[in-house]
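Chain lettering (A, B, C, D, E and F) follows the sequence in which the chains are written, and residue indices restart at 1 in each chain.
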């Protein structure tokens, strides 16, 4: 997209995919979150005629019990303040360019706190004649979708869905060449303590880095999830931003 | 406590109560979180012979669906970066004074991200010959306690327990003179959307600011919760820090 | 105070007590400044129908010759920038809530520089349709009060009144149970050099941490000081903010 | 690449492609720099068996006379400090993971100052048992390559090579589907003043945003440039880092 | 001084003159503090064979009752944080170059808080094998000197000695061509309130900006003060740093 | 200049000389850049009736191949962020004082990036009803001047003109007593690599720190350069700011 094409779209929705560079077990790439955020953003943009900004390829510091944590090599994290500044800069620039409808589409849970802070700071600085939404791809999934994906296996809860069935299915669908299918993680019991601590101890979570079983993941399930997430988020845009949606959707 | 008494305790656990100045419905004080954090910290300190530092009376920015949000007057929030710096300063000082076992005891969910960041930064800067734990008072409560508290009423989930039965019960127990018993919030239906947005709209949540019903709250329940939380967190200290506990406890 | 009670007071004066966690000799608690700031703030609020915000329990880095300095265990300090950010956040929030009359009431000398910076920054950012005052409790005391307090003993000058007669008297009055009366510091000569230096050397000041004699302190003197300080600061509010004062006062 | 594959490569070179989101005339995509940085990084990694980190898709603020400047819509820039923090975070993480040989490969001139600052800060903080190199793709090109590329047209100097023959040729080679071949910029005279100023005035540079003629760009030339740049930078790695190079090269 | 001459002196004392750009009445230049700091630094360096670094020509924000405040045109101030960073950078650099004895010689009262913070931060970061002193030129003056200077006029106290007898005398001695002798400020009564406030009101202090009478200032008195201050500060260096002093001095 | 004289000039141009404290070979002083910036600023001010603010005596971190780099003792540098903050503070203050025409006149190449950032930030914050220019003294020199200066010797290019003929000539003219004429650097061959790296290695550049030959420098050439630079920059002010120029000039 050239700058002229971009300039023609400032009445619509600008979508910023927010990923990470984070370990995702032995079977998924470090860029798993970035790939998912990018691809679902494209699908959303398609439905609402929005534009997709370049992906944030690094995210806020991974937490042990949602992403395995910083002690895994390959988890290359930003600090909290850097992530706030990064998101703030993008909001400043997009608002300066005339956008009034901005969507962060995140595939990395830890990005939520710093992006939300940047949203508040933007509102303080730029006033309220703009709308900014932050959506994680998993939050608006309807229960019927979850039932379908987990019809033959057990859903461990979103907290443990790291490098597990949903993410593995999504990458099998979106970038199948990047999945090491021979290394799908076997189930390993571990306990999430009801508190947080440092120093981190890698022995506390499965050595492969996946927090739950990925067995049962399929490309078909990945397609179901991607389509459902994209449609649900496009629906959020239609509802919040008042934009037209190519495909009808029920939230 | 004088500095000499403090200096005699540096082999033990230093507890930092982390509260907030945040709306808690028409019936509870703005300092609800600070009161709870302070009092449970004292109870924990009693059990493990630790010391309690002065309370952090302001916390990180309140979110709409966990605390009603910044649009309520009286919610006086710190920015994300200020809260990180504040917690970092305290860790620097306590580590410089010789403490190697530090507990943040938080009663405000939003404090988690910045305190965790400060914990990571401290580890980067000061090495790993120290242990720092962050515990919210609600996380380690055993299900038997919850069953007892909610034996006659319905638990709406922790996400909505803001100014509701547990917090109201705790303040009825810990600081009964501060509860406006005539203003216990009536139930008001509202929907938590599966995404975050700005500008905030106060119309989205109950006008009194409580996210769930407080009917059924009693001082007795408050005592049950406070005792159970203190004992559970003292148990965490015994487990993580290896300190002796006056009362035996099962996690 | 609930948020509704707070919201009803935004036409009046918001008072922020600014204390510290700082060594105050062997006989006074680490929270001496916080206690004094809190209690005098309440007395001022009573006289001018203002509200008292939660106390800032930590203050800017203690200096050797005004507070004994950071080398005493138990002196838990904030950095200069953190203290500026903290005060700035509070001003942002109170101004956003509609307050136009704000008083910092400080009991810790070192807080002056960062709070003043925050006041200037607030003026730059929010304009001049608001008034912000910073008052230390000791500055507006009339000479007749000082004469009364020091009728039988010698006033060493405010620079050395750390953990000495005035602070000891105030805590004897405000929180007598926290005074170790058996440990009132004996007089120890030391010299304040006409310059500042690092590294600090604890040997330069009395080993107990008090900069002057506390002998002669009494709860009665504490009451005289507290009443006089509160009335004087209420008078400042009447003069600067134009608020009504319950008790007549001459500055 | 999974985290295990990454962990197996920490003795080698980690390459961070540094791009931008910046107007590149009517004929090239906003991600021109990111595409070039990414693709040449891959070619270098191939030659020296290094790994390529995710691309920095946003860069430091575009300057008028090297990139057309921030007034063009679609130029989405980071502030100087954000870019320093971003690069610093990555260095911290890679050094913590064990890398000692790190290459920033930049395709955006303005990234140089903040990345160099991050390199200095890393040296201050982490010592000198590591080597960090910043290479722009154009700097090490040999004159024979330039002669070949500009055999039939005139080289306007690197300062004006923005969205001109070299970048256009590179994108024609690396991502031909993103070039609007019908919009190659016609020559437009303009003068670069010998000083910098704000406010910027878009009238000072060609309205399409390209600083020089792109006529004469071809995919073949793009291949020549890409191959030569990759080989030259691989040679720098061989020389500076002492790594083995698959293809022999003369600097 | 070339870098080789500088390198030969790193065993000695490095002196950083800290001035300001601040109104000094109608009769003295904006650079009054910088001139005084520079010249006395040179005199000190002469006595102890130290070196003088380039002067900090801007200082921390002027306060109304010590310098007339920021509302006077020509008072060009740094923020608190910038001044801390500036002083910190210099300490980092001088310590990296091998200096272990560093003196800040300040002629601007407001510089004290940020320079002291930088000194503390340097100690935290670089350890304690170095000594850093901050001296204001007026603090170590002996009472006999003050008696001589004020033998025929009244000393208003250091708080009000802004653009008054001592500073005017010093500039009459050090840079007589910069004094508007026809504009020596006449006495104007004003009251310093026992608190600080914003917005500032220029009407509170004399319209010419001098806080006290400059009548009675003479170049001879300036010489007495400059000589006495330089000798006293050289003596501080001899005492603190253990350096040899060319002229004998009693503190 | 007193504050009243300053206040009378706010309709004109405010000039901020930006120098450095940086090694300039064995023959030139560390303050070479500051001296040049200050003196040319005065000459410009004379021609356009502007005012000269106090000089920035420290600049952004020296780079090896433009200034010899931070490894030379005596090169006392600011960090990138400090330099941005410093320049930002000055812009804030001058704009607050009413200036609308501001010129940074820099004699240190590395200052360009941080000053330009400050200029952009000022525009974001203060709007566009002001004009800010950054000029290096060497950029607007006409080729006829260069031909004259280098009539008998070879111009090595501006990149290597560090402590070489132009700077040496300027100091011979502006501050001849500071030149060690017996130490003019002999020619030493060295190669500038087409990339940047850390750790720096002092062996890469001439041991005396000058990047090119200073033989051929004369005070007469210094006068030619100083006059030409001042006139050219005065001309820039006339063109950009619309101010009247005492001497006619052609750009």
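Basically, a contact is a pair of C-beta atoms (placed from the backbone, for glycine too) under 8 Å apart; a residue touches a chain by one contact, two chains touch by 3 or more.
Only a predicted model underlies this, so the values are computations on that prediction, with no experimental measurement involved.
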{"item": "Contact-graph separation of chain D and chain E, given in steps at minimum", "value": "2"}
{"item": "Shared chain contacts [chain C and chain D, defined touch]", "value": "none"}
{"item": "Chain of greatest Cα-centre distance to chain B", "value": "F"}
{"item": "Interface sides of chain D and chain F: same vs different residues, half threshold", "value": "same"}
{"item": "Selected pair, greater C-beta contact count between A-D and A-B", "value": "A-D"}
{"item": "Rounded Å distance, chain B centre to chain C centre (Cα mean)", "value": "28"}
{"item": "Averaged-CA centre spacing for the pair chain F and chain B, given as whole angstrom", "value": "56"}
{"item": "For chain B, residues contacting two or more additional chains", "value": "70, 79, 81"}
{"item": "Traversal of the chain ring from chain E via chain F", "value": "E, F, D, A, B, C"}
{"item": "Sites on chain F touched by chain D in the complex", "value": "61, 63, 70, 79-81, 84, 112-114, 116-117, 119-123, 128, 131-136, 139-140, 193-199, 232-233, 236, 240"}
{"item": "Residues on chain E engaged by chain F in the complex (per definition of touch)", "value": "1-4, 6-7, 10, 19, 21, 23-31, 34, 53-58, 70, 72-79, 81-82, 85-86, 89-90, 93-94, 96-98, 180, 183, 209"}
